[in-house]
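In the two assemblies presented below, chain A is common to both, partnered first by chain B and then by chain C.
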Partner chain A sequence: MSEVVVIGAGLGGLMAACELAGAGLPVRLISQGEGSLSLSNGTVDLLGYAPDLVWDPLSRINQIAPPHPYQVIGSDNVRRAVAALTSHLPDGYLVGQASQNQLVPTALGAWRPTALLPASLAPPQPKDQSRWLIVGFDRVKDFYPKLVAANLSRTKIPGGGRVTAIPVRIDLPDNPGLPGGDVSAMTVARAFDQPDFAAAVGRQLAQAAGQAEADAIGVPAVLGTAGHDAWRQVSQAAGRPVFEIGLVPPSPPGFRLNQLLLARARQLGVRLATGARVTGFQANQGRIVQLTTDAAGHGQTYEPTAVVYFPGGFESGAIAMDSTYNLAETLFDLPLAGLAPVSQLISPSYSPNQTIFQVGVQTDKAMRPLTDGGEPVYTNLYAGGGLLAGAIRWTEQSGEGIVLGSAMAAVRGLLDGIGQDLEPKLAAAHGRRTQLSSSHPGQTPNWTDGAP
Partner chain B sequence: MNLSPTLAGHALARASLDACVKCGICETRCPVMAATPLFPGPKFVGPQAERFRQGLSVDRSLDYCSGCGTCTLVCPQGVKIAELNAQARAVMKAHHMPLRDRLLGRTVLMGKVMSPVAPLANAVLRLGPVRALADSVVGVARQAPLPVASVQSLGRWLAQRGRSRANGTEVSGPDDQTGCEPDAVGRESGAAKRGQVVFFHGCAGAYFEVETSIKAIEVLEYLGFEVLVPAQGCCGLAQQSNGLFKAASKSVLKLSRALRSAGPDLTIVSASGSCTGMLKHEARQIMGVDDPELADVSYRVRDIMEFLAELDAQGELPHSFQPVDATVPYHAPCQLKGQAMGLPALEVLSLIPGLTVTESGQACCGMAGTYGLKKEKYAIAQKVGAPVFEVFRQAGASLGLCDTETCRWQLRQGTAMRIEHPVALVHQAYGLGTCLATD
Partner chain C sequence: MDEVRRLSAEVVVIGGGSTGCGVARDAAMRGFSTILVERADLAQGTSGRFHGLLHSGARYAVSDPESATECCVENRILKRIQPDAIEPTGGWFVALEGDGPDYSDKFLRAMERNGLPHEEVRLALARRLEPRLTRRAVQVISVDDAAVDGWALALGTVRSALEYGARVLRYTEVKGIGLTGGRTSTVHCRDRRSGEDFVIEAGFIINAAGPWVGRVATLLGIEDVTVEPAQGIMVAVSQRLVSRVLNRLRYPGDGDIMVPAQTVSIIGTTDAPASDPDRLVMPRDKIQQMLDCGEALVPGFRQARGLHCWVGARPLIRDDSVKPAETRKMRRGMFIFDHASRDGVEGMLSVAGGKLTTYRLMAQEVVDQMCLKLGSPRRCRTASEPVPPPPTDHFVAGQVTKPGAGAEAPEIEQPDWPISPAGRQRPTGPRHITDRLAEAESTRADDQIICECELVSRRALVSALRRHPDDSLDDLRRRLRIGMGPCQGGFCAARSAGIACQEDAWSAGQAVAALRLFLRNRWIGQQPLVYGELLKQIALDNWMLYGTLGLEQLPASQEVVL
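For the complex of A and B:
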């Protein structure tokens, strides 16, 4: 059987590629660059606000007001997708549940809802009078322990009461990889990849927490670039629960997740072509039969059985506006929904709620983009993720849910479409927790993971 | 030199810098930034510093960029970061180009001088005092891996083979100490059932890594192609990466003419992954050479593994591979990945029964052309390469694979393993005489 081509290496493309390869299909993953995973904090947001705070995302997904991508995706696909994602990651890597949101602190000391999250980012259940030490590290930018602690301490927690957050700054131990001056979160995280360094910081934390009589410790999310080894080492030496608080992009927890999914895709035999933008295609009788990239020299052509298109949205150039305010999907020229005069799409006020972000592609239940007449544009083209119309993902905190759910719906639609009953195989693949041979020392953690 | 923004390649790269959204993804992947605090990283020296350059040189830290191109590959916004860096480096070094960097650019000269006197040249290069002198006077790190010249150049092998074919005797193939008996039929066929291809050997393929060239030619002939090897010079890659754009442009244009002289429209195949990259990408995108002959060659050239993968996609690659029961580590060089064609070696090798290939998954081995040879960069290059060395050692094999020459030198030194081009395993699996992996 000839290959399925997945376009885009964000969370959506990676998930779809892993699922299809897990079902036994030959898969090629083409991406111009990396997706937005390493810009995120690795949390799995399904639905945070609708528009009020949501506690039970899974059951709220089917009730959301139209038009919204969740209407075609449905909660069942989101539930399956979360289970699939978990199965592609080390045991215990993600904690939490699709059916219940929890609150986590941000780098501004606000509480925000999310459904699942990397274990290292999960604080203990906040209780009235919990004493949390909020630690800043010298040289780690964009994290102000006093600000975080003050905001946390003054915000009521669910069930009443407030945590008592105590700010402190500590100097990191000298390390040749950690110069003075302007360093990025990733540079600090690399120092934590060294077990001695991680343990030394853990001991500093133990001392500071002892003095403050704190029962948990929040630190900026710089505990290593690979898996949760560094977090475990720090926690062990600190002798109390340690949790990371997400930083501005690029964020080490998002980077770790990206690494894990890339390694998983490699392990499943996905053929990666990175740095190539798909710039052209040919269709025949309503099917995409050829794709062309801008690879150096002569470009590359591929003849896929089916195409899974997860190119992101405006942020990645998949939807663009020209100088006459015309909006277009840039590769297949897919019909866009949500169009309106520009004055209605872009508000002059500085607000994240710009209607323009609702513009996107509409699909059927199999995630095939539709013409204005409601027919699939191409019968073997499946699309989702940031490309979909109808949601401002960062406002409602639904980004990962829409991406994952649409990837699952596209995979199932595709398997149906090529007339192969591969779903049992897919289910079996999820059950089979293969051990990842460590082909990336220093980057891929031990494939079984758990809380310290 | 003053690179004016009107220079084709520079204008293109510069035009991309406004697309930078400062996401920092390039920084998370730059292998040099991860290895040394001396380098402020791709976002900083690329799109950010470029705003201030106006064709002038504004920062020296730029020189630590190895030119591996990883940043450009991972940037989601299409910013030509590595290309901008290379162009700015050429400006920076225009007036004080170190003698060492000029010498390292002269690959053909090195090969021509060393090859006829290979045993002697190799012995001299092994001498401590000679390397110490090179280190302090020229700036080539004394521990850096230098090539071992082959006693027999590719030109001599081809000539000798031509002569013996004329009088009916076949010369032996690559000089394999472990040599398996060749059992494939048709290797001497000469009856080209599939037409002609042009072989581009590159400097290293002519003088240092001659065995790889021979094996590639034998695989092509086994598949039924007539292989033409026109007289050809250097592609100028080492000059380009050392900022000698003028000399490099001259080299690449001369080479384009030479390769085209073999015949119009013929596919050009090469086993030199980085020189192929120069023809496809660097000469045009970095130096901005806008020339119809280069454009034509750039369109026609294929990496050998890419060529085999293309044949396979068309159902034209015989799967008559003998099993190779081994697990072999593989590193895809940065200059190969820069061609954005994926990893064709993995695809082709996956067809060989019994063979398991583990990919390093790392961006760069640290060598990045000639970067790792330089005294002030040597330690950084070793640190960049360390994770690749580690994957190779952990594989528990005696053989490793990598598509480009200088990277093989780096990996040989870093792992003490035998490191070959992936085509060598194809040669073995087709029963053409190589016997590398047997464990």
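For the complex of A and C:
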């Protein structure tokens, strides 16, 4: 059956799948595992440093020095992608805007620029003399309030002055859901899913904030695993603004975002094949015509009309180097830009900005990976996200922006190609389902997994 | 101007590697008041940069039978007195197709002749016991090799020395040695952490600085104690791919030893001259050579997750200038320099060469010689008295020494438990990963694991921080193994910095500086192995440390300006 196959269930794959399904295309989302979004801290970083602190990411995206993925993606795709992401989430779930960075505290007490973020992670505007209570929970081992508070307090905030951050450590109430002292942030977050527990902690926070005369309360990002209900309950009981501070994985805000987008994808009719690794493919006349997956117990083949490929980058192993220092894109063996002898890619001096992390795939405006000669490798393969060459995402704070913008560019490129490139049948299906989904997205025919 | 602080001791030991620690223990056990000074952390030099093999002697059976016999004897002694630092894995010598029977025949004859325990292992059994061993193996002989943890060995030895009243000054560099009437009288030191200069009045000096022994001798104007450091590269991959030490059954050469040590497998080593033990290099082609050697013994070695590589300097001695009558040239390359007969300077002996396996014997012989010179023969007891386990999480209240908080010395290591008149209480510390797992399971309800890879508990970290508030994250790593597993500190380094701040051991600025220094130091041994899983890990660690935690935005200076 004709379908677009999206490979990768991170932010890029989920976004592309939702957009394509929303446009009426039959979509299958294949992923090796859960996707990286649940490992992220939930913020939408567009561009934080270029290399100096950026305040208006949207306008800086088009001025960025080459070579960079944003040169191909362009700010228009980023703007559209942010709007699309917002539309796929509950109203008010994300706050902030693409044209205005804000500074948020990290779990080391640094101030980090981001554009949009879940409402629960947004602190009040930091002002000179603001008194913030920074609360650590005994069970959370990636958040130490004295370090966070001291670093926040010693930083001059833009506009002058400093926030006064007061550290306090709180023992969480006993709860059957919290066995022992050594639990993960996700286990703590599940305890917060119980309204009584959330309210009890909120009252502890109210008392501590009262003693410290604090006007806002920062806590590690463990307030529940689903949406923002627990955050609201805690805030209400605390009687003051409460904000979460993002954690290293496992990170509940990323998990929540992942759950919401997965639910949205299902609602839009995306068929999910999770736990299936794409291991091979066949091409014919410059098009990918078949994909093979290796899932538990048996393999499966798919015959996609088009492939949207968002497998991540170095962190997922989509771009990998073997022990003899040969780099490759591991599924389609796509040409890589930025290759050089290993001694030029990895420096003996430590830096997070090793040149190797700029190696990646180059694409045309429709996000089709290009050969060295500048031609699409396959006319129906669209790729983006961590695969793209030319960015050190963690230093630029540009990860989500590149993923979202390239997903939007890939979706638009793919849709533009319909009629010229895709089968007429698919174009017809596209027209039919657009009608359905544009007015009543919730009533899109429910495509069940594996149905013909 | 302030008066320079003066300490005094009957014996000052220079160098905190295995030999220096052994000398300090031996001297203190014989009743000498002893101070050990070490330029960096204990066992940070060669004693922490080898492959972790406790020799059975088999490796030297053909080339140097006497030293083989000594290794065999010391191996048994150390297994008895220092079991906490040693894992008696056993070892095999393995001949591969194409190695030829020549060496194997010589080897077996030499083992017989010297009475070194060995046994031929049938190939079918060998393959069952070591399923990853290459199918190219044609002959397997088992010997008494073992795995030894150099840090645990040194820390346990020092612990014993402390019990006997020795003092240990880490991060203390010797800047000069004073003479009075042709005899050494003072050791001039600088605390490298506080910058303070101080003096130790020394009755006798034992220079046990390993590859740096010649440099210490030059402080007396003696230029011809020539160390020719030979550098050896080691590569560690995650997991124990084999259960026992594997040696190639051939003339000793590069990369023919694989040791299962703690949670990793180590392949080593190379042998190349180095001009400066402070500037050793790890060229990529040598790393590739080691990976090939690993692959030859254990197919798939290249697919294993690379963790870390390091290079150590063997303290090889060249001493053309002296005749055998003047210095006693020890077998197995061990030297004791008598600077009185050799250079006309009384009151100092230098010891170098040798192997970690024979550290105790080296200490015994040099202290024996010192006793003779001092006219005070005292019996050595190190071969029979057990060494306590290295400190783990035992903290005795009131022993915190903090700079500026009334500390009487730059840093003095304290014994970790009171010595009762009834005899020493001997806490057994968890040393192996399975011990740490058992402990973690028993304290799951009220303690947290801070380093999941190496199962280091929060309690152990806090107790180490209290005892050694000046420790860097690397010092803590050597004590506790934090940051040595697959994530290479991605999670636990930031956690440890946070805990140090939370426990008021470090300021926020110190915590950030410590974290950055740790990452910089770890990178040295990571970067040649950044491929495969470690490349993925570095990307993930960068996402966490920079993408999520914003480490780049946090300078160590007092005020942060964005």
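Please note the rule applied: the second predicted complex is superposed on the first by the 415 of 452 C-alpha atoms of A that agree within 3 Å, B and C clash if a C-alpha of one lies under 4 Å from a C-alpha of the other, contacts with A are read in each partner's own complex, and residues count from 1 in each chain.
In the analysis below, a residue touches a chain if its C-beta (ideal position, glycine included) is under 8 Å from a C-beta of that chain, and two chains touch if they have at least 3 such contacts.
It should be emphasised that the depicted structure is a prediction, and the values quoted were computed from it without experimental measurement.
Trainee: Once the two structures are overlaid on chain A, check if chain B and chain C clash or fit side by side.
Mentor: Result for chain B and chain C: fit.
Trainee: Just chain B (first), just chain C (second), both, or neither: which does A:Trp394 touch?
Mentor: second
Trainee: Per the contact definition in the header, classify A:Gly161: touching chain B only (first), chain C only (second), both, or neither.
Mentor: Neither partner.
Trainee: State whether chain B or chain C is in contact with more residues of chain A in the superposed arrangement.
Mentor: Between chain B and chain C, the winner on chain A residue contacts is C.
Trainee: Kindly classify A:Tyr350 by the partners it touches after superposition: chain B alone (first), chain C alone (second), both, or neither?
Mentor: second
Trainee: In the superposed arrangement, which partner chain does A:Pro145 touch: chain B (first), chain C (second), both, or neither?
Mentor: It touches chain C, and chain B stays clear.
Trainee: Identify the partner contact of A:Pro195: answer first if only chain B is touched, second if only chain C is, both if each is, neither if none is.
Mentor: A:Pro195: touches no partner chain.
Trainee: Identify the partner contact of A:Pro249: answer first if only chain B is touched, second if only chain C is, both if each is, neither if none is.
Mentor: both
Trainee: Would you sort A:Gly280 into first (chain B), second (chain C), both or neither based on which partner it touches?
Mentor: neither
Trainee: Of the partners chain B and chain C, which touch A:Gly317 in the superposed model: first, second, both, neither?
Mentor: both
Trainee: Nearest approach of chain B to chain C by C-alpha atoms in the superposition, in Å, rounded to an integer.
Mentor: After superposing on chain A, chain B and chain C come no closer than 5 Å at C-alpha.
Trainee: On chain A, what residues does chain B touch that chain C touches as well?
Mentor: 179, 182, 249, 315-317
Trainee: Residues of chain C touching chain A in their complex?
Mentor: 284, 288, 291, 302-303, 306, 440, 444-450, 458, 491, 494-495, 497-499, 501-502, 504, 507-509, 511-512, 519-520, 522-524, 527, 530-532, 535-536, 538-540, 542-554, 558-562
Trainee: Using the touch rule from the top, collect the residues of chain B that touch chain A in their complex.
Mentor: 21, 23-25, 27-29, 33-34, 37, 40-41, 72-78, 277, 279-281, 285, 298-301, 313, 337-343, 346-347, 350, 358-362, 387, 390-391, 394
Trainee: Spell out the residues on chain A that touch chain B in their complex, using ranges where they run on.
Mentor: 28, 30, 32-36, 38-39, 177-179, 182-184, 186-187, 190, 249-250, 255, 262-263, 266, 269, 271-277, 293-298, 300, 303, 312, 315-317, 437-443
Trainee: Show me the residue ranges of chain A that touch chain C in the complex, using the header's touch definition.
Mentor: 40-41, 45, 53, 103, 106-112, 136, 141-147, 150-151, 154-158, 169, 179-182, 246-249, 251, 313-317, 320-325, 342-343, 346-350, 352, 354, 356-357, 393-395, 397, 399
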